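Which chain is which? They are A, B, C, D and E, in the order written, and residues in each are numbered from 1.
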Amino acid sequence: MTTASSAALPDPAAAPPEQAPPAETARAGVSDRAATQQARDQQVGQRPGTLTIRAGSLAPRLFLISYSDSFFQEQEYHSYDDLLAYFKANPDLKHWLDVRGYNDLGLIQRLMQDFGIHPLHMEDVLGDYQRAKVDLFDDNRLFLVSRMTDFTSLLEIDDDQLSLVTGPNYVVSFQDDYEDCLDSVRNRLRSGFSMIRHKPPMYLAYALTDVVLDHYYPTMAAIGDYIEVLEDRIFNGRPNRHLLSRILQMKKDIVRFRRLVYPEREKIAEILRMPENVVPEDIKVFFKDCYDHAIQAMDLAESYRESISSLMDLFLSDQSNRMNEVMKVLTIISSIFIPLSFVVGLYGMNFQRENPDGTINHLNMPELYEPWGYPVLLGLLALIVTGQLIYFYRKGWLTNR
Amino acid sequence: MTTASSAALPDPAAAPPEQAPPAETARAGVSDRAATQQARDQQVGQRPGTLTIRAGSLAPRLFLISYSDSFFQEQEYHSYDDLLAYFKANPDLKHWLDVRGYNDLGLIQRLMQDFGIHPLHMEDVLGDYQRAKVDLFDDNRLFLVSRMTDFTSLLEIDDDQLSLVTGPNYVVSFQDDYEDCLDSVRNRLRSGFSMIRHKPPMYLAYALTDVVLDHYYPTMAAIGDYIEVLEDRIFNGRPNRHLLSRILQMKKDIVRFRRLVYPEREKIAEILRMPENVVPEDIKVFFKDCYDHAIQAMDLAESYRESISSLMDLFLSDQSNRMNEVMKVLTIISSIFIPLSFVVGLYGMNFQRENPDGTINHLNMPELYEPWGYPVLLGLLALIVTGQLIYFYRKGWLTNR
Amino acid sequence: MTTASSAALPDPAAAPPEQAPPAETARAGVSDRAATQQARDQQVGQRPGTLTIRAGSLAPRLFLISYSDSFFQEQEYHSYDDLLAYFKANPDLKHWLDVRGYNDLGLIQRLMQDFGIHPLHMEDVLGDYQRAKVDLFDDNRLFLVSRMTDFTSLLEIDDDQLSLVTGPNYVVSFQDDYEDCLDSVRNRLRSGFSMIRHKPPMYLAYALTDVVLDHYYPTMAAIGDYIEVLEDRIFNGRPNRHLLSRILQMKKDIVRFRRLVYPEREKIAEILRMPENVVPEDIKVFFKDCYDHAIQAMDLAESYRESISSLMDLFLSDQSNRMNEVMKVLTIISSIFIPLSFVVGLYGMNFQRENPDGTINHLNMPELYEPWGYPVLLGLLALIVTGQLIYFYRKGWLTNR
Amino acid sequence: MTTASSAALPDPAAAPPEQAPPAETARAGVSDRAATQQARDQQVGQRPGTLTIRAGSLAPRLFLISYSDSFFQEQEYHSYDDLLAYFKANPDLKHWLDVRGYNDLGLIQRLMQDFGIHPLHMEDVLGDYQRAKVDLFDDNRLFLVSRMTDFTSLLEIDDDQLSLVTGPNYVVSFQDDYEDCLDSVRNRLRSGFSMIRHKPPMYLAYALTDVVLDHYYPTMAAIGDYIEVLEDRIFNGRPNRHLLSRILQMKKDIVRFRRLVYPEREKIAEILRMPENVVPEDIKVFFKDCYDHAIQAMDLAESYRESISSLMDLFLSDQSNRMNEVMKVLTIISSIFIPLSFVVGLYGMNFQRENPDGTINHLNMPELYEPWGYPVLLGLLALIVTGQLIYFYRKGWLTNR
Amino acid sequence: MTTASSAALPDPAAAPPEQAPPAETARAGVSDRAATQQARDQQVGQRPGTLTIRAGSLAPRLFLISYSDSFFQEQEYHSYDDLLAYFKANPDLKHWLDVRGYNDLGLIQRLMQDFGIHPLHMEDVLGDYQRAKVDLFDDNRLFLVSRMTDFTSLLEIDDDQLSLVTGPNYVVSFQDDYEDCLDSVRNRLRSGFSMIRHKPPMYLAYALTDVVLDHYYPTMAAIGDYIEVLEDRIFNGRPNRHLLSRILQMKKDIVRFRRLVYPEREKIAEILRMPENVVPEDIKVFFKDCYDHAIQAMDLAESYRESISSLMDLFLSDQSNRMNEVMKVLTIISSIFIPLSFVVGLYGMNFQRENPDGTINHLNMPELYEPWGYPVLLGLLALIVTGQLIYFYRKGWLTNR
């Protein structure tokens, strides 16, 4: 869950790179393939609570962290039975059961039964597209969904689902990924000084929610960095379609980000309204802090939206400016040479000096027979050019921009 | 109620196909003929509750599914009397009376009377334009309207009305179509393992509402697919009016979709606020799930709206780009050849070498009499061209895009 | 109150017709003369409740419909005293007093006194610009304002005010027009089978409110029809300022329509919140139906707004397209002929073949002395043209619109 | 407080007039100098309730109107002591103390003390930039701020502050202007028939609030008139920057107007929610009427905003149209004459008819030696021109604007 | 905390100055570096309440102002122990402890403990990016955050955080800057006449909040001044990218300002809703005044937003106008000289007067042999030019703009 450094970001104005997947990158600014995939994955007409393992789910791995004020044990179990036995044998410890990967329907169903999870909640876990929410069930247990964000090298926001179920002395977390952004919480638990060790499991649920929210900031910072890259491009380079495509991609990312953060804020606001017996006052204080963070993240997203909109304005104004520049070159060159061409054309006419009777017709193009005719004409042409250049200079067409 | 696959979708940049109805397709992006039809169909000044069969209604077909935990029977009745007799003879069973087609006013009126349906509700059923809503009547019965969507091969969202009336041991459903999207519910009922068999009829009403909502996703996915097709067109093809027309059509579809989903969400929110005696808590849990789906559908629609808006930006920027390109060609060719034409025009002038007295005037166009005049001039012209090409190359007009 | 058929609508792309009032029609799209008139008519600094007859008010005509379950009488009275006498003599009947035209201050004041109408309400009646509203007064009486719409042949929405005052056994309606859209209610009353005959006068108030709302649909349908006409114009004709003016006029109409419907919805929502003793539950059911209609009308208006916005997009894109097309013609012709002109100019130069010493200078324009010079040159020119045509064809400038 | 008639309005498309203040007028459309002045005038870091007389305040003039059902006296006092003595000596009369001009801090402080005005309210009075509001203080007294609008000949909305303080038997009004729009209220009071004479002072407060609100309509009407002037300009004249500047000025005015009316509406809504002992029910009826007016004023402002937005659309479309027209002239003339120039250039070439050996080279430009060569060529040129004219005519470039 | 005068503001249309930091200034309009920095600074995955000193924090300085109705003492302490001793020894005085600079974790932790500050609040203090807010803790203490704004010479809004913690007889303020905008409050305290001396510490908290809010006005005024500078530039100078960049920068500033003021308003609204024992009624009156100011500041920001949007409209219209002007010059010159060139080209053709048999061919270009041929042709050319000039004059292309 590390963030791509801006140095590694693709050059926004360059044509898409040759290596895979070029087409996707180039087109990234427009359609929302993730949304379409989500719409397509939706199970239609199934019985509610039907558990379906999505294609591509990982084989489940089970991690159990058991702790108390003075005790800490962390272990990956390869047998669910062993895990359950240990869990049941230690009702006085607090437990964090961390399930990574869903690809074992039998295991999922046993978990559901043993930990009293509602089938509809389990469906939300497996569906992987649930926006952040909190559900109160069994009077004092919570089902929490958070979305963990990452900014990919393809400039898209990737988001994975983290689902939490709280119980009297445990928290079960579900995610369909072996890597996650929760290591800082694990480290705090390991250290022994962490408040998590001394507080009820609801505090662990808070800590997990908070760390996910904290990871929104690097995503935002990466977007902010990339906006600066784009800005440099516009100021130094040339506006082209690939640049526009990247700008639109950033816009999409920011909109997507807002759609991720907004329900997060709603979720925490709902937690803050929950009765004392579900979320005690001394834990609400921490959720209130979380709430402030969510609002700040939305403020950031608004800032970036403003920046992107200004980038678009600059881009369009530049596009228009370039047209202007092209037109100026055309106008200056045409305006100078077309009149000149007329003049030289004039003296290319074949009006006859001699009348049929052999006499000289002094009316027909006498200039051609003047001794100083040609030099005077060249001087006249130079005068016309100078006059026009002064006119264009005064208009600022020669120097400006 | 199947969704057109993207392969079968019309090529968005091509001129409208020759076969019918070409004009409609080409114009699809703009006016809202469905809305106008709806406004025109509205009965003006009629007594409320007046039942009018719309032109084009189908002859009614009656299907009765009767079930209990252990019993299941499904039958199409051609005589309403038979149906009613069976219904009345089995008060212990739960019944789903499925009315398809309204074209028999007498039958409609008998249904109204026998199942205690309010005339205003019946008017809503027959009007076929009611947006999703729920009405509580007779203290504990619900009148529910859902709208079933379909994405037609003409790229429009088609929506049909499904009206439900709940009763103590039955649900009556009305639709003016023989085909529908409810087969998955029927199959679940037939299977015997379905929860529907064990729950009160209100659960059947939920299941029908849910399956309609589930069908919004394929519609969305089809729209998403088509947006990708349009996107490919813009990136590979040329922006033209037909493409714009398709983009606007998609925009209209998405707006229409939001107008369909929004009241659906409102409806479910209203159900969630209903008292326990109308919708028991254990069924509300399922409606809550429905509510999450409705919000997700709106989120999807927002994503697509963003995509369409980006498509428009790309389209307009492309249109402007193409103008730029045209101007560049004009400017490059004019800027190169107009000065050249001046130079060759210059040496086409007829200034006389010979004075009237027969002496040579060395001031008048001596270049023409130089032995190397012509080759030097050609070299000069080549130099001018080279200089201009270098200038344009530096400006990026020769290579860029 | 009939709606102009689309056949009779003015041709939107044509210049405004010669007959009156052309100027108004052409300019219709921009300023809101009705609003300005309204602002100007507003009485400034008058005592509230001051009754002022607006210029142009009609002479009042009084119609009384008296009815019960079994009785019906309809009469125009030319003497208010006679009317009042009949009204007072029949306290058991229900009465609908229909006042059309306000131009008799004395009569208005007597009506106010005899029917207990509040001066502020009477001021609203006479002002004729009141948006839809409902006021509860005297604990159980209502003052209702509706606005009746019409789509004029000048493409504008015309709206007249209908004010209703309810009483224990009567409804008084005020309008400043002899023609109205209420005939369908009168016909239902005359028929004897109508529910109005059997229900309290509040139901008559509902019926009148409902019929006004119903008339919004033909207005909408006329707007929808005209949008289709405009759409055809854009697709077949040429975008010009008159067309734009019509589009903006339609936009104004739709905005105006929304401003008319929105308070209508608010009004009905307020009626639905009124206590049982003012509007009994069995009449509220009908108002609820009204409410659904108002929401549907707003949905329609939203659809049209979307259509108009798409029309604008099409119009602007077309305007830009036409510029593009003009530029392409210029570019193609210039790009082909300017280089050709250079070449032929080249061979129009007068470099001398003969040196002053009479010898032949083989360097000066030897092409002119080649036997095949001219045909080869013509071939070269043809080659240049062909090359350019191929280039432009490949760019799609020759075929693609 | 009279409204500039539309005849006197500056010509919007003309350059700004020579007389003062031209620069301001020309630039009026953009920056908001009034707002900047307000920001600059704000006292920073002062103790709240500090009374500061703004530069340019007028010397105070004191007017006292004392009245009862049967009594009326109106007098300007030059000594505050006399006024206070009379006020105290007549506790049974109702009084309206009208303070115009603030430039006497001692007097202001005495007023504050004698009439129990809160220092923060007095600060609001003197600051002169307070938006409309109502404050309840001392349990049953109101502090009311209204803003009186005027449409200046510089096309800007001017607004002055009217502050009211109510007491048991008096109303104190403050304004920093000798002229106001309250004369109609004074006249009603003088007449003796006015309801004001018979109602408590709160009704006078209502009457003053109402008359200020009524004066919003002439302002709106003047804006509406000017929009029509602008519209005429666009349709008849030429779009230029001065016109755009005026359009933007009108837009700013309308936005400013909305910002003035909106708090006015909020203020009245707050009054309507006040308890019976502060504002009795029979006065609330009148405020309700006021509320309707405020909503109507906002509706008008919305109408104008729509009009201005359409004006902008027309303006921009016209700007684009004019470019189009320019391009068409260029294209038509270039397309016709550039090919012709090529043809005549062709026959200006100097290919030699005679081979070096004196024989005739029939391949080199035989056309030049044809007896009918020249007439045929002229015919050919005429043909080309005709063909092009037909082509351009068919495209509509010759006729269509 | 003084505001840059408009004279010192960079010239918006000029290229960025050579001295540092030119690039930043030029690019200022687009990306939001402050936001990105904030996102990057965010601590990820840390235990909540972890205190981290930001890089660049200042060494803390401690100022203690102790006061009562009759006593005043102000002192900078270099030893925290001394300060604490004095503070504890004088429980009857009111104290304002002003902490400037955070760079001493030990001190910060002692402050936290001695003054009972919640670790989460301390984290907000040190983080320096907290938006304005108020938290109630320990039942009757407040934690308040304000943001102090400044308008820098780089045209950006700089904002620093001021955090306040109230206690029974003290207020602790935190800021990471030695200079601030609170001197006016200190001066009022020193003067002895200030209300602050007589009121509880909550009033001091109010006074500090108020003075911060008051400082928003000079920032706004500076923005307003700069908008006028930009406006002058647009009217007098030439639109270019640097100007656009400045306009976008101002837009960003205004948006940023609104994001600063909005939570300020929310904060004060929340204070107004607090119970009597936390904020007594007589202090709420002052906060209500604050609230009005916050709303006024938002109104100002809205005004400026409108101005900036109009500036953008003017800028874009100007950009388009300039293109128009360029095109007009091109069109006028081309339209005049291209036909002339054709005519003179025509008479440069070499059609032979003499037939091969030596006879005169009177059909081939007889004009060339007319005695008056050349003068007549010159006259004709003059006529063409005059005709075109009249045409262009009538179109307004020669005079207009």
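Criterion: a residue touches a chain if its C-beta (ideal position, glycine included) is under 8 Å from a C-beta of that chain, and two chains touch if they have at least 3 such contacts.
Chain by chain, the UniProt names read as follows: A, B, C, D, E = Magnesium transport protein CorA.
The model shown is predicted, which means the values in this text are computed figures rather than measured ones.
The chains in contact with chain A as well as with chain E do not exist; no chain meets both.
Fewest steps needed to get from chain A to chain D, stepping only to touching chains, is 2. Among the remaining chains, not one touches chain A and also chain B. Rotation angle relating chain D to chain E: 70°, from a CA superposition, given to the nearest 5. The centroid of the Cα atoms in chain B and the matching centroid in chain D are 41 Å apart.
Here the spacing of chain C and chain D, counted between their Cα centres, is 26 Å.
The multi-chain contact residues of chain A, meaning those touching 2 or more other chains, are 320, 323, 327, 330, 334, 338, 341, 345, 348-350, 365.
Order of chains round the ring, from chain C towards chain D, by the touch criterion defined above: C, D, E, A, B. Contacts from chain E toward chain D in the complex involve residues 181, 183-185, 188, 194-195, 207, 210-211, 214-215, 217-218, 220-221, 224-225, 227-228, 231-232, 234-235, 285-286, 288-289, 292, 295-296, 299-300, 302-304, 306-307, 310-311, 313-314, 317-318, 320-321, 323-324, 327-328, 330-331, 334-335, 338-339, 341-342, 345-346, 348-352, 355-356, 361, 363-365, 395-397, 400-401. For chain D in complex with chain E, the touching residues are 26-27, 29-33, 35-36, 38-40, 42-48, 118, 120, 123-124, 129-131, 133, 135, 238, 240-241, 244-245, 248, 251-252, 255-256, 259, 312, 315-316, 319-320, 322-323, 325-327, 329-330, 333-334, 337-338, 340-341, 344-345, 347-350, 360, 365, 368-369, 371-375, 377.
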